[in-house]
């Protein structure tokens, strides 16, 4: 099942569908779930993971809001989509930097996910800046 | 990137990983995003979609909470996971029944997603009832 | 600022406004924020609070979904509102029981909040059962 | 029940409690619920409220994430709190401008709430910039 195809089926989208933005929405959705799961796994680790738990929960919240805002195509709110993509990049970079310091499988996976999400949000920002018509 | 593998990497899970529950988590995550997007697409439709908008938003909220609660593996909260899986089945069935009455691509996709999510939550409920050891 | 007055101003509500349901919405909103904050405070405690963190996060998620679903008045979805009120009562009772075992101010406050939220959700369930007309 | 007192009871806060940030958290919580309810009320209005529905849903999502991130006090993530406060101000200003054009009680209340939330987020940003010690 694909959130990207779903967005493309919005009655106002049609040929104006922005695949870079669709990919960012999908990966923000994944990243919200992965970070939420990583926070939970960090709670169960025997060592002090307090900072990692906090940053994963923050990143999950920002990714979730970004996914929801950036998936909407009724009318438009591109200024806020841009702002949230930028916030999501920042949240992902902060979380990735912390998870990368921990040698366990869930933090490695979470760091990788945050890296991919940040990369796709950057590409979506570029694509929004290149859009000529009011169609996002 | 896989939320199911992420859950399997939780330090307390190991061989006790429940694939049916992992699949329900993944599809509740998708269904939350798809229903949120369908509500937005319904807002942009020219005909009266009020009931569909409301049911899609409700289903999105319940799926999101179910995904988050059912993905946690620290200690356990199986009673609440069961309750939320049942609530998610109900929300999906109600939303699917409404979306199935509308002839447009996003409602068809949303109805299909709700159907799959409800089916996977039912399978996850069965698998939780079959678990003998306290490991969820 | 009052979420209860906001709901009363929905164009379809009018004299059919259900104050018990409004109160449950308000307290589910508070309880979602209080439980989210308690989970964060528990992470910073020096002793093992793993179970409390998990139950607070779960309760926050269920309260948030309940608040959102139960605040909507377009068309109706009373079956799901009832189900979510019942899920919220369960989540609050589980979280309250755990927080009540910890002697610190945030867990005491969280237990109190969960108790009030569960009580108000129970009253809202009673009020929904007493409604004669299709107006929720 | 007070989310502000809850935050003040976090084990790492003590005298470093920032009341301006606490107030922003509380009003972002309210604004998330009010905007979610206004979107629902707008769906039920007889005239075209599509743009208002979309902006209210976006504002609700950003306020919710801001409330959750800005309420955490374990370790610190002040850079992201600042970013989300700024995003919340933007979301509220956009939503307020739209709601202010509609002559109905729920949009008037929502515009007022957005205005207060933006004001309190601005004050919280100032207070964070004035903090000398690493205590947020």
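Should a chain be cited, it is by its letter among A, B, C and D, assigned in written order, with residues numbered from 1 in that chain.
Keep in mind that, in the parts below, a contact is a pair of C-beta atoms (placed from the backbone, for glycine too) under 8 Å apart; a residue touches a chain by one contact, two chains touch by 3 or more.
Given the structure is predicted, the values throughout are model-derived calculations rather than measurements.
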{"item": "Remotest chain, chain A as reference, centres from CA atoms", "value": "C"}
{"item": "Fraction-based call for chain D against chain B, same above half, different below", "value": "same"}
{"item": "Inter-chain centre distance, chain A versus chain D - centres from mean C-alpha coordinates, in Å", "value": "20"}
{"item": "Interchain centroid distance [CA atoms averaged], chain B/chain D, Å", "value": "28"}
{"item": "Residue numbers of chain C (touch at least two other chains)", "value": "40, 43-44, 50, 53-54, 57, 64, 68, 72, 74"}
{"item": "List of chain D residues in touch with chain A within their complex", "value": "50-51, 53-55, 57-58, 61-62, 64-65, 68-69, 72, 74-75, 77, 79-80, 83-84, 86-87, 90-91, 94"}
{"item": "Of chain C, residues touching chain D in the complex", "value": "1, 3, 5-7, 9-12, 25, 27, 29-31, 33-34, 36-38, 40-41, 43-46, 64, 67-68, 71-74, 104-106, 109-110, 112-113, 116"}
{"item": "Parts of chain A lying in touch with chain C, wherever the complex brings them together", "value": "40, 43-44, 50, 53-54, 57"}
